[in-house]
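In what follows, subunit A forms one complex with subunit B and a second complex with subunit C.
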Partner chain A sequence: MKSLKRTRDITPLPSRNFKITVDDQPVDACEGETVLSVLLAANYARVMENDRNVASGAYCGMGVCHCCQVKINAKHKQRACQTLVEPQMSVETLTNRFKEEGIKHD
Partner chain B sequence: MKKYDVVIAGGGAVGAACAYFLSRDTDLKIALIDLKKPGNASRASAGGLWAIGESVGLGCGVIFFKTLSKLHSEAKGEEVPVMRPHQLPDCFFEFALTSNNMYPALHQEMLEKHGVDFKFERTGLKFIMYNEEDRLYAEQITQGIPHLADQVRWLDAEELKKEEPYVTDDAIGAIDFICDHQVNPYRLVDAYLEGARQNGVSLYLNTEVTSVIRNGNVVEGVKTAEQTFFCDTLINASGAWANELYQQATGRTMPVYPVKGQIVLSERMPKIMNGCISTSDCYIAQKDNGEILIGSSTEEKGFDTTNSLDKIQELSQGAMKCLPILKESSIKRCWAGLRPGTPDELPILGPVDGVEGYLNACGHFRTGILTSAITGQLMTELVTGKKTTLDLTPFSVERFEEAAQKAG
Partner chain C sequence: MTSQTHDKVVIVGGGPAGTAAAAELARHGLKSVIIDEAPKLGGVIYRGPLRQTDSLPHLDDNLKRAMTALQTRYQAHSDSIEVKTQTRVLGPEGSNQLLLSDNSGLSRQPYGHLILATGCHERSVPFPGWQLPGVMLLGGVQLQLKSGLVRPGQRMALVGTGPLLPLVACQLHKAGVDVVGVYEASPFAKLAKEAVALLNKPKLTLSGMSMMSYLKKHKIPFKYGWGIVSAQGKEQLNSIQVAPYDSQWRAQRDLAQQVDVDAIGVGYGFVARTQLAMLLGLDHHYSKVSGYVPVLDEWHQSQNHEAFVVGDSNGLLGADAAICEGQLAALRLAWQCGKITESQLSARSTKVKNKLARIKKFRFGFDRFSDRQSGLLSLAQPETVVCRCEQVRREQLDKAIAQGVKDITSLKMRTRIGMGDCQGKTCSSYALDYLHQAGLTENIGVIKPRFPLDPIPFTLME
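For the complex of A and B:
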């Protein structure tokens, strides 16, 4: 399986102690970083699909704007910037709960 | 120095309604003075027009009653008694229902004359039953209101599922009060204020009334930090803070005190509710923008407006039990408001014996949004010396003095 490359890290990772899965592809991660930092390093700009089915990217990066919600370990609407990575974590971007459940906004 | 015919102290739903109705129906010169303090009840309201629901103790009434009976049993160390509906007296039903009936026309009027929409929605209020105890409770409620039988609908599990597909399969049915509706409470206050402003009321917002000017037994006006307002009539619509103003105006005290309610608000959701819901744990209302509002605790903690984890958890769990789809949704905001409570849960309206130039419009407890319209109308009738639509004797402040004398 093709691995995601972390090409956008600003400084090299201090260690690569485990992998997480982003959209079914493994990617290196290190303890203490957030899901958002992994996504950004792996060149993910569009991370979330909102309830109106519009894509959005992380904006504030500090838990306020709710623009980086992704599906983490099968749970929807988790803020990537407020979630620390853990081994075997599975992240899905551009998913939307209501779309999957077939519930429409008016 | 300014001179007005009427000064209204307080610009929540009640004060704003007084300003609107007075300015609509009279040519008087009116000022409304308001400072939003933390805990302002109109901003912590669900916006339910639950005329029957609240009168029979549903909505936050059922939570209020649960809290009471819990306190009661803890104090005596007995078992929790079977919950009985907590029905308010007939005068309150009349007061609440008269007000409720005003909203459809008021909504049209606000839209057409003032271009403001307070989002009146015909929703009904369903009390969801999970078990036989709940059914017993519901039966007691309906037995208590035989004259309103045509406003109550019984739904079995299947009918409920059809109307509210997202309600849990554990529900065995519901009673629906078909005349109970909802508005957007923020927009309602804004609509009253905007209507009043267009009708020529002077609005002094972000301005605190610091003292009352009294000459003997005549109230002559109020002072703010910067100005003095003289007036013929002062209307006290200052919510949970009403007793302070009353003391300054009359030299006496009245039992209006803050009763805290915590609220949980979800993220915007697709429309998953067709009506408002009350259970024995909480009430739930989906607002026009998709947010789901879950309320509300009942706590007497003075002017404290902090949130506590236990209450937020209780409310969230109550809502998730009723609507399992909420388990996967996020909370957007939690906050708390201070209801202006009174010992008998009835508002305090009208003049005070031996005091001139002063009217009470306070103590609306958990129904200020619902009863703001009739309060505005009654205050207009009092100011203009007309016969009031409803008898105000049960709502006079003197009822507490009489009660105290009897007790003493």
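For the complex of A and C:
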């Protein structure tokens, strides 16, 4: 399977790192990083699709705006900027319950 | 659920203010608990890298020194300070308790005394295209540089006002980002007028000047009196329009220029984070610079509730002032607990108060320079979304106001602004400014913070 490349790191990743998957693609990550940093390092700008079907990227980066919510380990609405990566974590971008379950706004 | 004894001082927020308060309390024999959402103390400004790294090539020595100083301040007193990181305060529970959530679940934190040091967040200014992925707030950009060690874009511009613009521009450039332009809304002449105020902190002023010369040396355009007009892109950002601003910060659209970028940082100011103070029932008043801030005495203590509020959460003065305020509150508390005498209190606090006064003079100079003008409000076009969570457009605000809405709660009920996941933190400063501009200044109110302040995952309730 094709791995995602990290092209945006300012300093090299420490040698002790692990993999997480983003949209089913493996990518390197290391202890202490947020999910958002991994996404940005791998060149992701589009992160979330909100309940009103509008895509957004991380905006505040500090947990305030809720514009970076992704599905992490099968749980929806986790803020990428506030969640630290863990080995084997699975992250899915641009998805939400409204979309997955076909719920419509009136 | 766990409970602990409540002789301790509980400090919400482990940034410069909270950490300084904890260290000062420890010096006088008082134990404290610091609660912080982040994995590490330091606050957004001094947290530093979250992952292991051997060097920080993109950060200047002043910042590195300040980050170390904060860690040292904590380390020297770590025996007396309990730190709960990655822990969120959901709100007050009963009297003298806070409800917390962390990875392992919910817990209660009783307190004998409370110091709030919850900091601030950035003010959002909606403009066409601001929802595009790639548009970030300036502090968000900086957090990725400082804590994430990641470049948020490859070709970037910065728009906004204030001293963070040149600072972040330098950091981005040193991190290897192609910085194609920095646009400061206020004209240079206005900065020159503040020379006397800026001399209250000569070192900071000098470092600002050296940043400007760094930008010049690397041919990074820095334009005073310019700002954002709009952002363009299909799925994500690929260009912005910038234009000269007039004295009211109205964009002169006929002179707009296009700049190709893949990300931008937008920074038109901050808002004090006072949701917890409001839930606790502290009295607040409105300030144009900081938003709603608690009413406090000279020691930063609220009269209608004995909590102290320090740092940017009681008005935006930055990290140096936050440290002073944390110390002042701690000294006062030490005196109230009988740990120091009145004369010790006055001896030590006089020094801190003088320092704070100098910082304020400097800071007020910048506030006057960066005082946001009404033109910013008209960047949003009728069809521009002003509340991201609920996708409320400006024309819906116009309609509601035309129909007689006079306060923010009615505006919320009529349009759904502030009803989404962020609970109005992103849209409410614009909405308040917009109501003010419509001539509504009396009893506008605030978007009331709700309990829990942060969503409680269902998994924690099982």
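Methods note: the second predicted complex is superposed on the first by the 104 of 106 C-alpha atoms of A that agree within 3 Å, B and C clash if a C-alpha of one lies under 4 Å from a C-alpha of the other, contacts with A are read in each partner's own complex, and residues count from 1 in each chain.
Please note the rule applied: contacts are C-beta pairs under 8 Å (C-beta built on N, C-alpha and C of every residue); 3 or more make two chains touch, one makes a residue touch a chain.
From a predicted model like this one, the values you see are computed outputs, not experimental measurements.
> Clash or fit: subunit B and subunit C on subunit A?
In the arrangement built by aligning on subunit A, the partners subunit C and subunit B clash.
> Under the stated touch criterion, which partner chain does A:55 make contact with: subunit B (first), subunit C (second), both, or neither?
Touch status of A:55: second partner only.
> Touching A:77 in the superposition: subunit B (first), subunit C (second), both, neither?
A:77 sits against subunit B and subunit C alike.
> Figure out whether A:98 sits in contact with subunit B (first) or subunit C (second), or with both, or with neither.
The first partner, subunit B, only.
> Contacts for A:14 in the overlay, against subunit B (first) and subunit C (second): which applies, first, second, both or neither?
second
> Pick one for A:37: touches subunit B only (first), subunit C only (second), both, or neither.
In the superposed model, A:37 contacts subunit C only, not subunit B.
> According to the stated criteria, A:47 is in contact with first (subunit B), second (subunit C), both, or neither; which is it?
The answer is second: A:47 touches subunit C but not subunit B.
> Count the residues of subunit A touched by subunit B and by subunit C, then name the partner with the higher count.
C
> Under the stated touch criterion, which partner chain does A:4 make contact with: subunit B (first), subunit C (second), both, or neither?
Touch partners of A:4: none, neither subunit B nor subunit C.
> In the superposed arrangement, what residues of subunit A touch both subunit B and subunit C?
Touching subunit B and subunit C on subunit A: residues 51, 66, 75, 77.
> In their complex, what parts of subunit C are in touch with subunit A?
Listed in rising order, the residues are 37, 39, 44, 49-58, 86, 121-122, 124, 131-137, 139-141, 143-145, 147-154, 175-176, 235-237, 262-263, 385, 388-391, 420-422, 425-426, 455, 457, 459.
> Which of the residues in subunit B come into contact with subunit A in the complex?
Contact set of subunit B toward subunit A: 267-272, 290, 328-330.
> Can you list the residues on subunit A that touch subunit C in the complex?
Within the complex, subunit A touches subunit C at residues 8-11, 13-14, 30-34, 36-37, 40-41, 45-47, 50-52, 54-67, 69, 75, 77, 81-82, 84.
> So in the complex, which bits of subunit A are touching subunit B?
51, 66, 75-77, 97-98, 103-106
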